[in-house]
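The two complexes that follow have chain A in common; it is paired with chain B in the first and with chain C in the second.
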Partner chain A sequence: MIVIGELINGMYKDVGKAVSNRETDVIQHLAIDQVKAGSQVLDVNTGPYSKNPKDDMKWLIESIQAVVDVRLALDSTKADVIEEGLRLVKNRAVINSTNADEAKMDVIFGLAKKYNTQVIGLAMDKAGVPNSREKRLELAATIMAKAIDYGIGTDDVFLDPIVLPVNVAQTQGREVLEAIREFSCLSDPAPNTVIGLSNVSQGTKFRSLVNRTFLTMAIADGLTSAILDPLDKELMDAMITAELVLNKHIYCDSFLDAYRKK
Partner chain B sequence: MIVIGELINGMYKDVGKAVSNRETDVIQHLAIDQVKAGSQVLDVNTGPYSKNPKDDMKWLIESIQAVVDVRLALDSTKADVIEEGLRLVKNRAVINSTNADEAKMDVIFGLAKKYNTQVIGLAMDKAGVPNSREKRLELAATIMAKAIDYGIGTDDVFLDPIVLPVNVAQTQGREVLEAIREFSCLSDPAPNTVIGLSNVSQGTKFRSLVNRTFLTMAIADGLTSAILDPLDKELMDAMITAELVLNKHIYCDSFLDAYRKK
Partner chain C sequence: MPIELVREKYSDAINTVRIGRAGSKSVNIGGETTLPFLFDEGAMPNPPLVALEIFDCEPADWPEGLKRPYGASLKDPVSWAKKCATEFGAQVLCIRLMSIHPDCGNKTGEEVVPIVKAVFKETGLPLIIVGSGDDDKDNDVLPKVSQALKGENCLLGIATQNNYKTLAATCLADGHSIIAESPIDINIAKQVNILISDMGCDSKRIVMHPTTTSLGYGMEYVYSIMERGRLAAFIGDKMLAMPFILFAGSEVWKTKEARESGDTQGVNWELTTTVAMLQAGADLVVMRHPVAARSAMAYIKNIMDRG
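Moving on to the complex of A and B:
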């Protein structure tokens, strides 16, 4: 599993405040802690209240890269904010994200080609989030076709079936899980698959339990990546164990520690 | 999920001793606790050291039925021990188990027809446990064909793909999970599927973590029943949450309590 740490996001109150006030140590601690906990990629999002998102993105990336050597997922709805970030990243970036709209894909895959990045592709379009696995698959196929047009490697696309909160869209859990399974068959090499995990437990009472249960189920269905809170130890334990069961790393009695030391 | 409580089994030291010494209260407490924790069925196994398994089975069933009104899974390799139990059960029984050997199936499905029971069918034969999903499916199909010959309802068969310990047969986790998915397609109505869950963690250090992770993954693949320790609260929490995600019971903030109160 490729773990994308979700915590550097201005929508979280502490992070939003740190961005506004240029509190470098807050961001750097979050970066170090997430990498130590097993994130191979860190999501970077200036947040909904950022007044100068390009400046904020630049400051975030420079703050993070000063303390950790890690890949970044540049998370913004604005292409110019993403491109500002792409000029600064030291490692291969992930663009978070495109959807299946033609105009959006042309901009994002254009940037991906120019800067040799990977791309998260959301299985949604102007009509919103689909409510069936079939519509999700159709949109994912649209994204893959466009990626191929732009010469992007099929395994450089991370298809996201769009997870919805279980308390308001309870029928969608099964649809998302089956979509993950079906996405894997769209190309050879298979695309990566990714979910914004925390969304499944939004507004629920036992968030960590719901998150780790859903992640475990998604891994059973072939999920290869997730945007999640890597500081949730029980979540990471569940992820490591699910991968153990699937023979992704070799059993030893101390398999949890062994994975973390890698 | 149909939860089959595994704790009344003479292979456990305390239970074996209780059977030998006719300690009724030990067995009755285990029965009451497992039903309270959510078992719809209790497995009953006199254990490997039972000198008079027919007498022991009779005593166990009478002890259990004196305190709880619950279905029993009569767990023995000996047909006469199972038939002794079938004469005594108050509710519809489950026979645990047949395998795919012709002679064994004829005896067990004969009993199942005579006593109107359900049957656990192990996807193994004289050659032992298969090491691929394909061979498991072949044996499961053999069992279903025989069940149909005997006029047993297809959903009265619980197909067991045979779970092996992850520390010694690490490639088999994926095979078992895929077999569960494939078993469900063997008939309409679909057969039930069942696993002896604790086997996956045999000899491992973090047994509860491995058990609940594997159960969650198996539920994602359509598992409908498991023989497990219902007193493992974290395991039951994971099971309830996995079923919640699949929309098997309706979300409310107190979904764990709500499920348990049912």
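Moving on to the complex of A and C:
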């Protein structure tokens, strides 16, 4: 599993405050802690209240890269903010994200080609989030076709079926899981699949439990990556154990420690 | 239509472990990025090595066919070691401290340390030092031997899941590498490696002994265990990325096929067993009969030259 740490996001109050006040140590601690907890990639999002997202993105990337050598997922709806970040990253980046709209894909895949990045492709379009697996698959196929047109490797695309909160869209859990399974058949080599995990538990009472239960189910359906809170140790333990049960690691009594020594 | 071969490429390598102090006749084992000898798929920077095994006392139960090439030298470990080094071309020596076993002389650390030191001094070869198999005696004597050769970067054994702490601490203190043994069980192999590294030993100073058997006694199972470990290591399992050591000689020369059928069959049995081990991924094979060992070295050279 490719773990994308979600915590550097201006949507969170403490991060938003740290961004506006330029509190470098807050961001750097989050970066270090997430990497230590097993993130291979860190999501970077300036947040909805950023007044100058380009400057904020630049500051965030510089702050993070000063303390950890890690890949970054540049998370913005604005292409110029993403490009600002792409000029600064030291490791191969992930663009988070494009949807299946023609114009958006042209801009994002154009950037991906220019800067040799990977791309998260959301299975949604102008009409919003689909409510069936079939529509999700159709949009995912559209994204894959465009990626191939731009010469992007099929396994450099991370298809996101769009997870919805279980308390408001309970019928969507099964649709998302089936979509993950079907996405992996879209190309050879198979595309990666990714979910924004925490969304599933939005507004629920037992968030960590809902998150880790859904994650293990998604892993069983072939999920290869997730944007999640790596500091949730029980979540990470569940992820490691799910992969163990699927024979992705060799068992030993200390299998959790063994995974973390990787 | 030409047949296109499927070739695997892996992301990770087996650790390279050095035996012997830098600047001496030290050797490297491991480092490969492919299953054995598949040179189109990856590299084997260090050819597998053959070590010859000696005892620190005259072996009590070796058959005539195995004793003959060593002659009278078997009575004196230092002469025996020198014969291995000069006459038989050993690249590495393995000394088994049989004399400390309660049933085989029950010698003390003070008695065997001078023997091991003399063997080391007279041959200059990188040393593998293994205990007698009696945990209590081994835990008493191996630290003394280890200390006497402090800094020489020997390979000491054998640590198991239930008896690893003394030896791991000793190796750590004196700068030696360690053999981690498991009973033909990949899960336990990984666990022993973790236990030893949790003691503070660098995982790059561990050599795995998966336990083996002789040809005809289930080699295919040993092969499957070693292959599984290797495939996991090649895709990033650091707790299985250790080189393999296998003891061909001690396994073969306890079988009736080797012991009771004259010289030739025993030699062939040991050689064939060794070749199977090398094809399973052995990085270091400890052998007993010098003719079989020489043929195994020639086999390795021949196959490595094709790479």
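Heads up, the rule we're going with is that the second predicted complex is superposed on the first by the 262 of 262 C-alpha atoms of A that agree within 3 Å, B and C clash if a C-alpha of one lies under 4 Å from a C-alpha of the other, contacts with A are read in each partner's own complex, and residues count from 1 in each chain.
FYI, a residue touches a chain if its C-beta (ideal position, glycine included) is under 8 Å from a C-beta of that chain, and two chains touch if they have at least 3 such contacts.
From a predicted model like this one, the values you see are computed outputs, not experimental measurements.
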item: Partner chain in contact with A:A190 - chain B first, chain C second, else both or neither; value: neither
item: Chain B versus chain C as contact partner of A:L177, first or second or both or neither; value: first
item: First (chain B), second (chain C), both or neither touched by A:A79; value: neither
item: Touching partner for A:D257 - first (chain B), second (chain C), both, neither; value: second
item: Of chain C and chain B, partner touching more chain A residues; value: B
item: First (chain B), second (chain C), both or neither touched by A:T213; value: first
item: Residues of chain A that lie at the interface with chain B and also at the interface with chain C; value: 250-251, 253-254
item: Residues on chain C engaged by chain A in the complex (per definition of touch); value: 186-191, 194-195, 197-198, 203, 228-229, 232, 236-240
item: Parts of chain B lying in touch with chain A, wherever the complex brings them together; value: 166-167, 170-171, 173-174, 177, 200, 204-206, 209-210, 213-214, 216-221, 237-238, 241-242, 244-247, 250-251, 253-256
item: Residue ranges of chain A in contact with chain C within the complex; value: 249-254, 257-258, 261-262
